[in-house]
Each structure stands twice: as C-alpha cells, then as structure tokens.
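Look for subunit A in each of the two complexes below; its partner is subunit B in the first and subunit C in the second.
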Partner chain A sequence: MPFKEKLARSLFFLAAVLSAAVTLAVLGFMIALSLPVLKKAALWDILSAPWSPDHGQFGILAMIVGTLCIALFSLCISFPLSLGCALFIEVTRPGGPGKVLKKIVQLMTAIPTVIYGFVGVFLLVPIVREIFVYGSGMSILSASLMLGLLISPTMILFFSQSFARVPQSDLNAVDALGGNTVQKLWYVMLPHAWRGILTGIILSFGRAMGDTLIALMISGNSIALPSSVLDSARTLTAHIALIIAADFDSIEFKILFICGITLYGMTSCGILLARGLDRKPR
Partner chain B sequence: MTNAFWDKLLALFSWACALLLVGAVSVIIGFLVVKGYQTIHLELIFSTTRPLDALLFKQQVFDGLFPAMVGTLFLVVLSMGFALPVGLASGIFLAEYAPPRVKWIFSLLFDVLAGIPSIVVGLFGFSITIFLHHSFSDRIFPCLLISSLSLSFLVLPYIIRTTQISLESLPLQVRLTAPCLGATKLENIFLVLLPSSLSGIVSGIVLAIGRCAEDTAVIMLTGAVATAGVPRSIFSSFEALPFYVYYMASEYADPLELTKGYGAALILLILCAGLFVVAYAIKTRLTLKTPYRF
Partner chain C sequence: MMEKEIKIQTKHLWFYYHGRTILENIQVEIEKNVITSLIGPSGQGKSTFLMTLNRLWENIDGARAKGSVDINFGNGFEDIYTVPVSRLRRQVGMVFQVPNPLPMSIFKNVAFPLRLMGEKDQIRIAQKVRDALERTFLWGEVKDRLSEDARTLSGGQQQRLCMARALILEPQVLLLDEPTSSLDETSGRVIEDLLLDLKRTCTIVLVSHYMDQVKRIADNGLVLTDRQLKQH
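Right after this comes the complex of A and B.
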C-alpha cells in the first residue's frame, strides 16, 4: 500500500513539473530563437527602427506603439462602462436586474473573439467609416471599441467581486449614520475594494494586449506609426500572425521571437503585479 | 448640491452603463442571427453530399462546413486528451500534496502560463515544428497533433486551477472523515475528495473545451488551413470552425461565400454559448443534488 501511495504522489508531482516546464519552455524557446537576431543587431535598434524589410530595417516600434495604443484606448472605453455595470450589479440594483446583468456578463465570457472580429468587420467598420469619413474605417478606434467589449466581462466580474467582499457591518454603519449611497461608495467601498479594482484593470489590460483576432481583423494592420485614433495600426500579436508565412531563415521571421518575448514579458509583469496586489492582507 | 441629486446621478450612470453593455451585446448577437439564420440548414454543413455518407466518412464534403466541424471536434478531443490527465494530476498535487513554498512557485508559473497570449503559444508550437522538422524528419509539418498539443498548453492552467480550487474549497469535515475511519490519503482523494468536488471540476473542464473550440490564434499558426477536407491522420493539416470564420471575413470571394461565413459564425457562437450553459447547469444541478449537506 505505501508503494502505491508513493507512486501516486510522484506521478502527481511529475505532472505538476511537466505543466510548469511548459511555462519555462515557452520562455526558453523565445529567448533561444531570438538570440541569433540580437547578435546581429542591437536590441535598441530593433525596438526603435521602422519596419521596412526592403530597406533592411526590421524595427518593431510601430507594433509596440500600436499594441499599447489599442490596449490603452480599449481600457479607457471599457473602464467606466465596467465600473458602471459593477455598481449596477452590487450597489444600485443588487436584486433582480443586477442578477440578470451578471448572468449576461458571465455569458459574454463565452463569446469567441473571432465573433467580435467578424461582426467588427461587417458592422462596426462600415459605421466608423461613415461617421468619420476617414480612411477605410479599419482603425485604432474600431479595434478598441470591440476590444473594450471583449475585456469588459473580466473587469466587471472582478469589480463586482471586490465590491461584494466589503464587510456588511461597515455598510450597515454608513446606513446607521444616515449616509447616502454615494458617500457609502466613496468613503467605504472604494477604499476597501481598490486593490481588486486595480487587479481587474491590470488583468484586462493584459487580455487586451494579448488578443490577436480583433486587432488583426479590424485595426487595418498598417506598419506606420499611428498619429490619431482614426489611423490604422498593427499590434505585436497581429504582426506575428501576418509574418508567420515568411521564410524560416529570414530576419523577418526571426524578429517574431522578439515580438513574442516582448508580449511574454509585458503580460508576465501584469500577472506578477496582479498577484502582488492580491496577496497583501486586506 | 443635495445628496439625493448625487444618488440619482449614480443610479442613472449605472443604468446607462448596464443598458449600453446589454445593448452592444444584443446588437452583436442580433446581427449574426439576422444575417445567418437563413443559411443554417443541412446544405450549409454537408453541401451536396448525402449527410449519412459524410458522417461515415465515405465521401469527402466539398463546400460545406462539415470538415471544419469535424476538425474542431478532433482538435477538442485530442487537446483535452493531452491536457486533462496532466492538468487534473497537477491540480491534485497542488491542492493535496504541495508544501506552501512549492505551491507558491508552481501557482506563480501556472498564472504566468495562463497569461501568455495565445498567439505566443501558437508561435511556440510553430517553432517546435520547425525544430522537429530540422532535427528529426523533414516530413514533419504543422498539423493536427501540433495544434492540439499547443491548445492543450493553453487550457492546462484553467484545468489545474479549477481542480485545485474545487478541492481546496471542500469543508474540513469532508476532508477529515475518511482518514479518521482509516482511509489512506490516496483512497481519500479518489473516493471522497474528487467525487465531492466533481461539479466544480467538470464545469471547469467544459469551459476549457469552450476555449479549445473558440481559439483561433493558436491554430492559425500551427496547421489550420482553409481547405483540407476531413483530416486523414493526426499528421495532416485540418480545417476548423473559428479559422473558417476568420478566413471568410478576410478572403471571401463572393456574397455566397460570405453568407456561409455568417452561418459558420452563428454555429460557432451557438456551440460556445451551449458549452457555457452546460457548464453552468452542471455546476448548479450537481451542487443542488448532492445528497449530503455539510
């Protein structure tokens, strides 16, 4: 019997090591495969130069800027919306309507990203083109609007969860002192829940940066540096998807691993930050 | 300003946000339903082939969604086949065996894995293919096997997390009863702990299936193509529903193809929403029907 126990224990341990190895293997592959490029060109040149393979320039600055622009802008759209919805679920209408909204939000997490992209191409892009009469409509604005919708469930569920964790006794105290809802929110709920809110923002920012399909389908994929929200832009993720067909031995292809490692680094930082926030005693 | 004014403003703001969100989602779903519902009939899936012949793989289906649906099914089955045993075992290790420090390191790594963008996982799968191609056999190309392996990396952290959380959230009484009666740790895990946390674990698995079915970024880098027919082996390239939807949006040749794109998108949406509802039902049903209340 003890042998069986030991065997099971080591099998479980082996599985955990195997899964953890995947995380490290992805990082290892990205580093190992981007080293040859880094030997030829300085990292700074790659990060700051424009992308024009015909002239021997393989910079990914425009893609990094594109990624950050689209992710930030979608966050700006989604944050107030998500906060409002979380307030609706937990504070202003916690009964029937709030529960219904929560179910809808949970269902939203099941909508595939390619669906958002598909509807974006055939519904949102023409609308943006008509309203602003500028370019093709494939722009940072279109991508950010769709991406904002994609990341809002993550934020809403995180926000409402951290609002729900505010101790009921504190809320009762505000009521007993004759405080109104706004005071309750401002003086009790936000000071309690800000960690959760920040965690939700960081995680959904990571999701916005990591998403491929929406940016690939409706941001236009131009390699120029964007100068307004109506300009087209290319994200790192879309860049990987677009260049993958290139020759394996070309520099274009090898640069993809730098893109990959940049994405890996940015999202891991987000995860570390979120974990740090979550771990602190409340 | 009076207090009542601010209260009303807050209520107005939250109502506006809620309505805006629900409105936007209804527009998206409504748009697909209105444009796609007419295309959904057997011909969309089987084209001119007889459905029975197609289902028995006697005859290849051209111009239909059948190969894409079969591709997605194979993808889901294979990647869950890889991810389930490893994920469940890792979750059990984390919840039941790991000392605190080991647990901290492992869960950090799994969190990072969960955060890696799917396109980077796809790039990883693609570079493994190139590596194998160069060092073992030049007959190795992006294929169903590589895709499902990469997908299993993607869903692994979800399975681990749901297993771990379901096990850890069991009440202490459940945890201690069997060992008190003389059960070993392994018996306790397999006969008491896992059965009691089954609903949480199963609904997590169903959600992971949904992720396998919807992900496009991984498979577009590791072997999904626009026309391949039903895959002959795990070493051949394949079609898949989400890739078909993506491909139709960018490369459609005529309005007829586009309507098939709408149909495919609607089917994918129904599939994923259906899986979500199943997961939800399992979670609530099984919890309600548990004979013992603690």
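Right after this comes the complex of A and C.
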C-alpha cells in the first residue's frame, strides 16, 4: 500500500477513534461528577421527586415531563407538516415549485435557533395568550409550535431524501398502469420509504429534546408538573442553562449532572433505535 | 384484399425537453393488431415517442408536447388528451426495457393493476392472474411459487411477469420499449413468440435495436432519425 494511502487511512482511523472517545468521555465525565450526589440519594428518588430546593427536594421529574411533553407535541405538529412538504417536493410538484420549496427549507436549517426564539416571544406568545386567555402565553403549546417549526426542515429533508430513494422503475410501473398519485404513494413510496420516515421522526425527536433556547425563551420555565398544554413547563436543557448561569457548587448544581445523564440516555435511546431500523434489511 | 384498419394516428406531433426539440412534426399511422417496429439510432427519442402515446412523458420535468395523438378504442378516434389519463394507460399498456417487478409477490405483482382499479372479488382476481400468466407462458413455471417475491425470478421471467401485469387489464395497445435487450437469446425468443401470439388481440408498438428481431416478428416498420419518424 502506498505511503500516502496508509497515512490517509491512519488519519481517518484516528479521527473516528477520537470522536468516539470524546462522546464516551463526556458520558464518563458526567457519571463521575454525579457519583457524589448518587452516594447521598438514590437515582430513582431524583428522577421521581419534585424540584423544591427550599424543602430539600431536588427531583427532576417536572423537567423530564416538560422535556417529553414539548418534544412530543412539537413532533405532532411538525410530522404532518413535514410529510406534506416532502410529498410536495418529491411527488406532486417535483419540478419548479418543489425545487423552490426545497431551497427555502434548506435555508431554514441555517437560521439560528435564537431567531426562532425571538419570533416566538414577540409574535407567537401574544397570539397564544390572546386566543386562549390563559396565563402569560409562555407555555408548552407555544414552545411546541415553535420547536415544531424548528425541527421541520430536518424532517422534511430526511423524508424527501427517503422518497427520492424510491426506485424510478417502480414509480414508472405504477404510472404506466394508470395509478394515481395517492396510489403511487400508498403502494410504492410508503412501503419503500417508511424506515427513512421513522428514522427522521426519531432523530427529530432527539433534536427537539436536546434544544435549549426555544424552551428557555418560550415555555415559561415553571418547575411545577404541567397539567395542560397551556401550562408553562421547564425542560432538562433549560433547567441546566438556568442553574448553571447562577450557581457552581451547590446541590442544585450537582444535580445537573443527573439531568445531563438523563438527557444523554433519552437521546441515545432514540438514536440507537433509528440506527437499528436503518440496519434492518430492506 | 382487406383494408388496413388504423389504430393510432399522430398529427403534427412535436416534443420538447427543456426547450430542445426531440420529435419534429411526427405524422404517422399505426395499424391495428399488427406489430409495428420502431428503429433508429440511440438517443433519438424512440422511447419518448412511446411515452407520447400513453402520456407518460407528463411525469418528466421539463418535457412538453404539442400536436395530437388519436387512438381508436372502438368508437372512432379519440384525442388521448381528452381521455382520463388512468383510463388511457389501462388501455395502452407499456413494458419497459429493464424488467420492473414491484417489491411484492409474483401474484400481487400481476394482480396489482386490478387492485389499482379497486377490484375486490378475490376469485375473479385469481382467475385473471392465472389467465395473464398463461398468456405469457409463465403459469407453468410459477404456479407453485406465486407467493414468492417477484424479484427472485430470472430476468426473462421478470419481463414476462411485467407483460402479464400489463396484459391483465386487457389493453388494446401494448408499447414495448426494447423488451428483450436485457435478456439472453433464449428468453428473448420466448418474448418474441409471445408477441406473435399477442398481436391477435393487441396493437403492438415495439422499439428494438435488433434488425433480425424486427425482420422476424414485425409487420410494419417506423424509422426515427433526425427527430423525424418515417414509415419504413
């Protein structure tokens, strides 16, 4: 093997090992730093108790529920929107209009999250407040709507990529037999693309859970367990950001490592599930 | 002597792809229940011409056609642009160069057009599938493995399966885009025999690169050169 190729292979291998090591090191670091807390309190107690430092309670249940609620609702909003857009791009109008929409969607992926946050605070929150006449408008609903919009471009591109991979010969077969667009979608495209669609959903769910700014700016950050979508809630990421900004050595601060591990576990489960689906023979 | 009966006629047919002229003022008549071959150099638009007969070109981004294509489905000539596209394509079947079985069982592949039409009667479907497979000389080879994935069949069998799928709707016209080019000689000959049998009930337009094949089975010929189509 020529020296240059050997060198290139070694560099690629090193890069792969390094990135895997960093990911594992982050997990190891968080576990190590959370050990002092875990020696004093059982993990289940932390995961299931409320957050009330004044009463000596440092549970993160409300944040886990807030994270899951906002991520799930945002997924419910973005999924039909993204599927519709992907079908428009790849199936119904693959020419000019579809191409233009795809460019716009690609552009949307480059917009910083904080812009979405601003739009949410100054445009969406007042609308939600006026429509529902409930609280400040900073709620699970507002955060989910904006987060749904934020994760849609990723989902749209993932879905349209899955549809684009459907063999043209199969589409031609349905067209030549007089099948319409809905039949083409139902009998050929979805059976081919469902794994890609599911993978897109899971990865977008992970993205929604991991987002900090939208939740921090729009969800209201209440530490109470929410009882409706109009209640405000706090996510794990927003909790980490809020505590870390004001503290560095208290029990509240040390609990953040448990928050981190929980978030790491939740997103890793999603990613492993997506990988598993992708690996199954098509 | 019997008078020729015309099945398809094109008038001033032009076809453009991203502004480039592919077919220029095509005026041809295609006889009923014969095999009409379409020959010409590669890349001249033979497949495109076939697609103007069942409006399949409409799915191609940047494609545009003008002029008229009229087909006599039994009640005089009808402009194909006035016929609903799904009805047109059920009457004008098409088989492609590379066999394209769908990722489903042999039975489901052949029954697929009936499913698209909303046919629910399972006994009728089973009978029609059998008839279509018998017409393409495939029944004997696959009758014991109808539930197997159609993609496990050989290339020649797959192509005959695609023909069975097109024939199950009993089309009046069958468009064949080099149906034997990806097959070995033996499989190609089976398809040729099949076409000779089919022309009793179908008008066949066959794009072919093989002159010996054209001589063996075609009744009429069209040649496409320099964007123009001429009777051979």
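Here are some notes:
In this section, the second predicted complex is superposed on the first by the 261 of 282 C-alpha atoms of A that agree within 3 Å, B and C clash if a C-alpha of one lies under 4 Å from a C-alpha of the other, contacts with A are read in each partner's own complex, and residues count from 1 in each chain.
Rule of thumb we're sticking to: a residue touches a chain if its C-beta (ideal position, glycine included) is under 8 Å from a C-beta of that chain, and two chains touch if they have at least 3 such contacts.
Since this is a predicted model, take the numbers as computed values, not measurements.
When the two complexes are overlaid on their common chain A, residue A:192 makes contact with subunit C while staying clear of subunit B.
In the superposition on chain A, A:256 makes contact with subunit B only, not with subunit C. Residue contacts after overlaying the shared chain place A:175 against subunit C, while subunit B stays out of touching range. When the two structures are aligned on the shared chain, A:97 is found in touch with subunit B, with no touch to subunit C. Within the superposed three-chain model, A:183 lies in touch with subunit B and with subunit C [touch as defined at top]. Counting contacts by the rule stated earlier, residues 180, 183 of subunit A appear in both its interface with subunit B and its interface with subunit C. Across the interface of their complex, subunit C is touched by residues 94-95, 167, 169-180, 183, 187-188, 191-192 of subunit A. By the touch criterion stated above, subunit B contacts subunit A in their complex at residues 3-4, 6-7, 10-11, 13-18, 20-22, 24-25, 27-28, 31-32, 35, 85-90, 92-94, 96-98, 105-106, 108-124, 126-128, 130, 153, 156-157, 160, 184-186, 210, 213-214, 216-217, 220-221, 242, 245-246, 248-250, 261, 265, 268-269, 272-273, 275-276, 280. Against subunit B, the residues of subunit A that register as touching in their complex are 1, 4-5, 8-9, 11-16, 18-20, 22-26, 29-30, 33, 80-85, 87-88, 91-93, 97, 101, 104-119, 121-123, 149, 152, 156, 180-183, 185, 203, 206, 209-213, 217, 237, 240-241, 244, 248, 256-257, 260, 263-264, 267-268, 270-272, 275.
For subunit C in complex with subunit A, the residues that touch the partner chain are 54, 56, 59, 61-62, 85-90, 93-94, 96, 98, 100-103, 112-113, 115-117, 162, 165-166, 169.
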